[in-house]
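In what comes next, subunit A is part of two complexes: it sits with subunit B in the first one and with subunit C in the second one.
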Partner chain A sequence: MRRLLSAEWLKLRRSIVWLLLPVSPLIAFAVAWKAPLEAIGGAGWMEAYIISANVHGLMFLPLLVGIFAALLCRFEHASGGWKQLLALPVRPGAVYLSKLAALAGLVALLQLLLGAALLAGGLLRGMDGGVPWAELGRALLGGWVACLPLAALQLWASFAWSSFAAPLVLGTVFTLPNMLVVNSERFAPWYPWAQPLLAMMPRSEEGFGAFNVPAESLFLVIGGSFALFLAAGWLHFRRRAV
Partner chain B sequence: MDMNHGIGQPLGQEGRQPWLLETSGLTKKLGGKAVVRDVELRIGEGDIYGFLGPNGAGKTTTIRMLLGLAKPTRGRVTVFGKDLAKNRLDILRQVGSLVEYPSYYGHLTGRENLEVVRRLLDAPQERIAEALGIVRLEKDANRLVKGYSLGMKQRLGIAAALLGHPRLLVLDEPTNGLDPAGIQEIRELIKSLPQQRGVTILLSSHLLSEVEQMATRVGIITSGSLVYQDRIEQLKRRTAGRIRLAVSEPEAAWKRLLEQGWEARRDERGLTVPGGDDRDIAAIVAELVRERHAVYRVEEERSSLESVFLEMTGTGGSL
Partner chain C sequence: MLARAIAAEWLKLKRKWILALAVIGPLGVVLLQAVNYGLRYDYVMKQNADDPWGGLLQATTGLMLPALFIGLALVASLSAGVEHAAGGWKQLLALPLTRLQVFAAKTLLTLLLLLLSCTLLAVFTLAFGAVLGFSLQELPWPDLLRQSYAPYAAAMPFVALQIGLSLAIGNQAVPMTIGVLGMVVSLFGMLLPDWVPYNWPWLALKAETALRAAAAGLGGGLLLLAAGCMHFTRKDVS
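Up next, the complex of A and B:
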């Protein structure tokens, strides 16, 4: 696994993920720096966070999960990489898991960059003190966890379809209705593309639609669907590989 | 206790060589149809084994099973005296392979491509320079592979296969799609490996002429079945020729020889007799001269290896 991940890192190092990663963080940076906020410092931090997390969670995060998954598999689909990997002394299951780990790592990096950019923007504006570390950290971490089922699903699609475009189309087509989906208290928690946004929003009294769904039930669904998508993709990979 | 016998130990049965790679009853069915049927490969240490057959005969499917990339429907693969199904990772650690077409990451340089494989093998750093040297890619090592020619990609693939210092190198159609210069280069490289590195090579091809120049042993597969397997000299012996006689009046000469009890054949270019015994040839020539035929030429005619191959694989002309 360690060997596989270090090989994944080499392949990622020279890919376009580094151009895609800064998009949401730049937005967060701009919001914290220049957006009209009700408070500067204190409650202003969460206000800036909520604005940027809305854009990020609603669109960019689910889209990027799909793009990263497709990129990670494209290295292998493009010119016989799967075959070479599997003819080397590595376990087929580990090959699949290393891809998922690389994907989860990229999303974690994205969340960290988002947080860092938000802080940098705020500090530049002169917001000092009162950074709600715990609340912010919990929201970013929650967003990462909520991406895992989507990551497992997109990885499965990216492996199963050797075309680069197909999994991207899947990701885009299901990300676009997010805006409508999050209004449905019943449906949204089950919708993998909406889960990241739901998880990234702090629970509050004035929440609407699916934002009222208690965190506990949301994460139960997330955990269950992650296990399901991971198992399905993994089994498919094992069967196809050997 | 491990009941498997290691290489270099006698297998117990008299006269049986301990094979480096051995398959028994190897069968693969795809959609109910056997694409590989009861194949019994035997590859000895130090061999360059030419695995020959027309396209679609089951070569690549067989090779995929040898590497654990495909599961046999039936049968066993034994490599280095161990069962592949149970010791896949152990075996693959000592096998280098290039299957169908070279695998590479186009957005990385040649060196980075080898580094990916090196990390997966956990091989020492200096192997990269060594492998690049063997396939003579040092100069292009820092260029992106997507800009490589097919021949260079092929060489990079061989370098990757050599990185782990394998005992067995599996090369599937390594000269496919190369120009004559590229073919020559790969051929020289392959021929030099067994002496230089002590590696055993399994080499597949649909071209006999190619294998003939490199292989020490050959296996011929057609429609999924192995129809021939032996040392290349044995195959060449099958081409033992006839003697062609060019004479002034072939028709009369042919009749005379038949009357005398020689097994002569008449064709549009003259006549031929079996080329087995020198004394027979001398007697035939003496007989013709005595009959006042002018004997212009006495030459040996070998049926080509190609025609023997065609006969075995039953593929008329194109392979």
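Up next, the complex of A and C:
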């Protein structure tokens, strides 16, 4: 498993992943550094975070998960790579799980970069002290967890379709309705593509729409959809002909 | 000759579900509005009580522009990807066709498919409004037509950009990624200054600026197409 992961790393190292990772951290950096904020210091940190998390979580995060998944499978689709990879003395299940782990790792890296960029921007502006570590950490971690079902689904789509565009279109088609869905208190908690944004928003009294749903129901939806997508993708991967 | 080249392009794309995509795009935009109206009909209708058509048209545009952005990237990438995939360029360019004709055939087919999508959007929107029982006498035809076609013209620089990138770069991950990120940027397009092309499709929706935005889009698009064509005609076949 560890060696499969290092193989994934070798393949990713030369890809455009590195151009994609900084996109939303740069936005967060700019927001924390230059955006007009009402408060500086403790509340200012959260304000800057909420602005950047809105942009990041609504569109960039779910779409990037899809792009990363498609990039992870591109090498194998490109030149008979599946045959080569699965001819090695490894279990197909392990190959699948290592790809999923690499994908989850990339998303974790993205979340860490976002947090770091936010801190760097805030420090440049001169916001010192009062960094709400616990709240920020919980929100970034929540966003990561909420991406896992999407990661499992996109990985499934990415190995099932040899075209690079097809899984991307799937991801986009389901991410775009986010614009409507997140305003709906009734439907957003049940819509997997809205979960990253919901999970990244700090829970507060003055939240509106679906931003105030209890964490338990979120984790039910996230856990349930993750188990479903993972099981379906895994079974399909092990049974399909190469 | 050009007509036959386009027919050949069509033959290659037919098996890629591309016509289905051209229909599903606008259908999806209208269906999502149908869900929106279905779930909260009373609320939406109360908000737009004096101008039901205007409300429907405005609600549609919010989803139409991102769909247009992702659609143009997808069609351009599929049409070039067919050749990148299996040494198609060598075969295609060995035919007694000029490079210009090959480029023109691919570009025209892309433009025609997008035009079809925009027309279908107008038709589906009209049909949905009729189903909701809006009076056809009150239908603001100029608004419907402007909304369907002006963003198409204003988005022409992006069509040209995606065609150029898809043809120039063998790895279709690059143009598709740029297309998807461009779509996200375009969502915030109306916050950008007027001269930024990402704002043009939004400007094209408004009556006052529609003509200017469409003209700027067509001009910029032609310039970029010329650049892409020049690159393509000089490029080595790998």
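Here, the second predicted complex is superposed on the first by the 240 of 242 C-alpha atoms of A that agree within 3 Å, B and C clash if a C-alpha of one lies under 4 Å from a C-alpha of the other, contacts with A are read in each partner's own complex, and residues count from 1 in each chain.
Everything that follows uses one rule, which is that a contact is a pair of C-beta atoms (placed from the backbone, for glycine too) under 8 Å apart; a residue touches a chain by one contact, two chains touch by 3 or more.
If you're wondering where the values come from, they're calculated on a predicted model, not measured in any experiment.
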Where does A:L113 make contact in the superposed view: on subunit B (first), on subunit C (second), on both, or on neither? neither
Thinking of the overlay built on chain A, is A:A188 touched by subunit B (first), by subunit C (second), by both, or by neither? neither
With the two complexes superposed on chain A, say which partner A:A199 touches: subunit B (first), subunit C (second), both, or neither. neither
Regarding the shared-chain residue A:L20, is it in contact with subunit B (first), subunit C (second), both, or neither? second
Return first, second, both or neither, reflecting whether A:I67 touches subunit B, subunit C, both chains, or no partner chain. second
Looking at the overlay, does A:M127 come into contact with subunit B only (first), subunit C only (second), both, or neither? neither
Should A:K11 be classified as contacting the first partner (subunit B), the second (subunit C), both, or neither? first
In the superposed arrangement, which partner chain does A:I222 touch: subunit B (first), subunit C (second), both, or neither? neither
Looking at A:A87 after the superposition, I want to know if it touches subunit B, subunit C, both of them or none. Which is it: first, second, both, neither? first
So which bits of subunit A does subunit B touch that subunit C touches too? 15
Given the complex with subunit A, which residues does subunit C contribute to the contact? 21, 28, 32, 36, 39, 62-63, 66-67, 70, 74, 77-78, 81, 172-174, 176-177, 180-181, 183-184, 187-188
Report the residues of subunit A in contact with subunit B in the complex, numbered from low to high. 3-4, 6-7, 10-11, 14-15, 75, 78-81, 83-91, 241-242
Inside the complex, what are the residues of subunit A that reach subunit C? 15-16, 20, 23, 55, 59-60, 63, 67, 70-71, 74, 163-165, 168-169, 172-173, 176-177, 179-180, 184, 187
Help me check something: in the complex, which residues belonging to subunit B touch subunit A? 67-71, 89-90, 92-93, 95, 97, 99-108, 112, 115-117, 119-122, 160
